[in-house]
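Please find the structures below.
The following pair of complexes shares a single chain, subunit A, combined with subunit B in the former and subunit C in the latter.
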Partner chain A sequence: MIRDFSIVFENVDRLLIGLMNTLVLSTSGLLLSLLIGIVFAAALMADNRFVVRLTRALVDTMRCIPFLLLAYLVYYALPSLGLNFNNWTSGLLAIVVYNAGYMAEILRGVWAQLPRESIDAGSAFGFYGWNLYLRIILPQVVLAAIPMIGNQSIQVIKDTAFLMIIAVPELTHAASSIQSKYYVPFAAFISAVALYWAMCSVIEAGVRRVERIAQVRR
Partner chain B sequence: MTSADLISLLQGAAVTVALSLAAIVIGVPLGLGFAILVWRRIPLVQLIVKTYVSLIRATPLVTLGLLIYFALPAVGLQTGPVTAAILTLAINTTAFNCEIWRAGLMDFPKDQLDSAQAFGMSWPHTFRRIMLPQLARTCLPALVNEMTLLLKGSPAIAVVGIVDVTRAAVRIGANTYEPLPPFLLATALYAAIVFVFVRAQRWLERPSKLDEVRV
Partner chain C sequence: MTDAADGDGDGPATLRVLGLTKTFGDNIVLDGVSLSVNKGKTVCLLGPSGSGKSTLLRCVNWLERPDQGAIFLGPTRVGFRNAGSRIPMTARELAQVRARMGMVFQHFNLWPHLTVLENIIEAPMHVLRRPRDKAVHTAETLLKRVGLIEKRNDFPSRLSGGQKQRVGIARALAMEPEVLLFDEPTSALDPETVGEVIAVMRTLSTEGRTMLVVTHEMQFARETADEIVFIDRGRIVEKSAPQLFFACPHTERARQFLQRYSVR
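Right after this comes the complex of A and B.
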């Protein structure tokens, strides 16, 4: 067993490259999906009923299908429509599209719970439309949504593991390639699990910190 | 897509539902058992359960599946794909169910336990007659939510060689060079399965005759 772990340790550079890919995919995917989610949340709270229905259908579809199915859809089905991406971009695209729906739903939920006073005060001061949304509503919504966004971030990190199936060189893919070369299944995958655990612990600690800051602000 | 393709997709759906249900049947009661161990602050056991929950919450299903499928035979336990798949899903969902039950237990009003004790009820009796009926109610929405999450994570078991809906759709797409129709059909199948779970929750939550008596 110790010998197995030392084999993994000798190949730690491969594991770290996988970890880097997982980190880059998750953070860029999260940021992009949060940006799209911000627009979608506004669409979900819009006055125009057509806009609301269309966005609702889109968001609900994303929340209904498994992530892997969407990744396959982007990877295999988009090329048949003439859109070609490599594995890495397909993976990122799948993460962004999938999580934009979840982010929109998280932000909308928090927004609906927001006290009316600050929004009314904002409009009394002459803020309206996007200006009101981005400067008055959104900062409060994002701050209050941090715990849920943190949970979603953990979900995203775990979802990136699915991307090994479409040959994206992320952490689980790296562990799997070490295991298939040296046949050290336990050591390879346990090392990957430990790294996932570390990433999630960092996020949880970060969320707790932000929650404390949010409490002080209130 | 031929009718044979359609049948293989439906078979995949049956596999997805069967394996997920197996994991739920194992995971819901086991999660409750673990939650009680933490709630009663059993030393050491509580620490082990907490570590297990924290680890599994952070582990992707794909990684867990690969670990179980490849590492168990290495320590001498031979598992087929089906056993490995059920184990993977059950180990995962048990951890999340444990968290849900634990939250329910923490919120359980203490005065009810005190009154049960005052009436001379034993702990198993209190649990069965006082706690469980209420816990099941309060935890049900979260448990069903976790079941739908499990269903959405279940395509991960493709890595141990199980042909579920997603895998069946990929195969059909690869054979016909037209991946879009099977993928869309698979999407509809998942939506239908999740819908059934949510409806089952509504049905379980329906007001019972007991409630009327209580009011």
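Right after this comes the complex of A and C.
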């Protein structure tokens, strides 16, 4: 068993490249889905009924497709419509589409719970539209949503593991290829698990820290 | 417009409310309310709770849409494009009118994600598009006036109620509004901090700000107001000078109302 781990250790560079890819994919996926979520949340809370319904349908669809199927769709099915993405872009696209819906729903939920008073004050002082949203509403929504956004981040990191099926060279893919080459399944997968755990711990520590900063701003 | 043009010789009306009616479902909250606040004057709205005073104030800057009636800020019809028309203002036009009125809320309604200073410069910078250094300068002057300059970098969650309300007043003043609207500014405060807020409002009144104040502070109303408007069940019951109103109210309802307060 110790020999197995030393084999994994000799291939640690592959594992670390996988880790890097997972980190880059998750971070960029998260930021992009948060940005789209911010726009969608505004559309979900819009006065225009048509906009609300359209966005609602879109968000629900995004949240209802199993992630694995979404990755297959983007990578294998879109080319038949003439849309060709490489496996990396496909993976990122799948993450963003899948999580933007969740982010929108998180932000909308928090927004709906926000006390009316400070938004009223925004209107009373002449804020409206995007100016009101981005300067008065959104900062408060994001501050209140930090734990949920942190939770979703952990979800995203774990979801990137699915992307090995479309050959994105992320952490699980790296562990799997070490495993199949040297046949050290336990050591390879446990090492990957440890790295996933480490990433999640960092996020949780970050959330706790940001929460402390957020506390005074509520 | 000359002063005489407005009748009383009190200066032109900054704010005029004409026949305002507002219902929530079957409940008639305001029933044909008319009043005006002349430039530099303080008008206090008194009345039992639930009489429609706060709704009236919220209708003035269109936070609530009245069912009927008209509101004029100077020559501008609030909520509609022009005096006669039924074409509603766009969000942008409405925002521009609202920015000309400074509102002070019962529950302060400060923006919790911004520091005291940021709360005060937020609207001047991002609504009125003032340059930052100018906005900061004004904010600091105002903070000194309300005695909170040392709190400039604190967040609202760290302030007492009285301090929050003084920031609320400074925030409203920073807009250089044509009229200040106070919605029960001391009702949510501990008794010991009411005085500090009242003191600020008193100086604002004496320096000639135009103010419409919903309040339960009878002493403030008596000593500061130029006119008392007494509302009950959505209607104006009495409108008179404070000396007259407090000494000999002509209606039974106002008498009963005052009795309840003078017992204290």
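One rule holds in what follows: the second predicted complex is superposed on the first by the 218 of 218 C-alpha atoms of A that agree within 3 Å, B and C clash if a C-alpha of one lies under 4 Å from a C-alpha of the other, contacts with A are read in each partner's own complex, and residues count from 1 in each chain.
One rule holds for everything that comes next: a residue touches a chain if its C-beta (ideal position, glycine included) is under 8 Å from a C-beta of that chain, and two chains touch if they have at least 3 such contacts.
The structure presented is a predicted model; accordingly, all values stated were derived computationally and were not measured.
Participant: According to the stated criteria, A:L16 is in contact with first (subunit B), second (subunit C), both, or neither; which is it?
Facilitator: Neither subunit B nor subunit C is touched by A:L16.
Participant: Is A:L35 in contact with subunit B, with subunit C, with both, or with neither (first, second, both, neither)?
Facilitator: Touch partners of A:L35: none, neither subunit B nor subunit C.
Participant: Of the two partner chains, subunit B (first) and subunit C (second), which one does A:P139 touch, if any: first, second, both, or neither?
Facilitator: A:P139 contacts subunit C only, not subunit B.
Participant: Which of the two partners, first being subunit B and second being subunit C, lies in contact with A:V216: first, second, both, or neither?
Facilitator: So A:V216 only meets subunit C here.
Participant: Which chain makes contact with more of the residues of subunit A, subunit B or else subunit C?
Facilitator: B
Participant: Where does A:N131 make contact in the superposed view: on subunit B (first), on subunit C (second), on both, or on neither?
Facilitator: Touch status of A:N131: second partner only.
Participant: Let me test your reading of the model: by the given contact rule, A:A121 touches which partner, first (subunit B), second (subunit C), both or neither?
Facilitator: second
Participant: With both complexes superposed on chain A, which partner does A:A205 reach: first (subunit B), second (subunit C), both or neither?
Facilitator: A:A205 contacts neither subunit B nor subunit C.
Participant: Just which bits of subunit A does subunit B share with subunit C as contact spots?
Facilitator: No residue sits in both footprints.
Participant: Would you pull the subunit C residues touching subunit A in the complex into a rising list?
Facilitator: Residues in contact with subunit A: 61, 63, 91-92, 94-96, 98-99, 101, 103, 105, 107-113, 122-123, 126-128, 155, 157-158, 171, 175.
Participant: Across the complex, what residues on subunit A touch subunit B?
Facilitator: 61, 64-69, 72-73, 76-77, 80-81, 154, 157-162, 164-165, 171-172, 175-176, 179, 183, 185-186, 189-190, 192-193, 196-197, 199-201
Participant: Subunit A touches which residues of subunit B in the complex?
Facilitator: Residues 54-55, 57-64, 66-67, 70-71, 74-75, 151-156, 158-159, 166, 169-170, 173-174, 177-180, 183, 186-187, 190-191, 194.
Participant: Under the stated contact criterion, what part of subunit A meets subunit C in this complex?
Facilitator: Touching subunit C from subunit A are residues 117-118, 120-129, 131, 135-136, 139-140, 143, 215-218.
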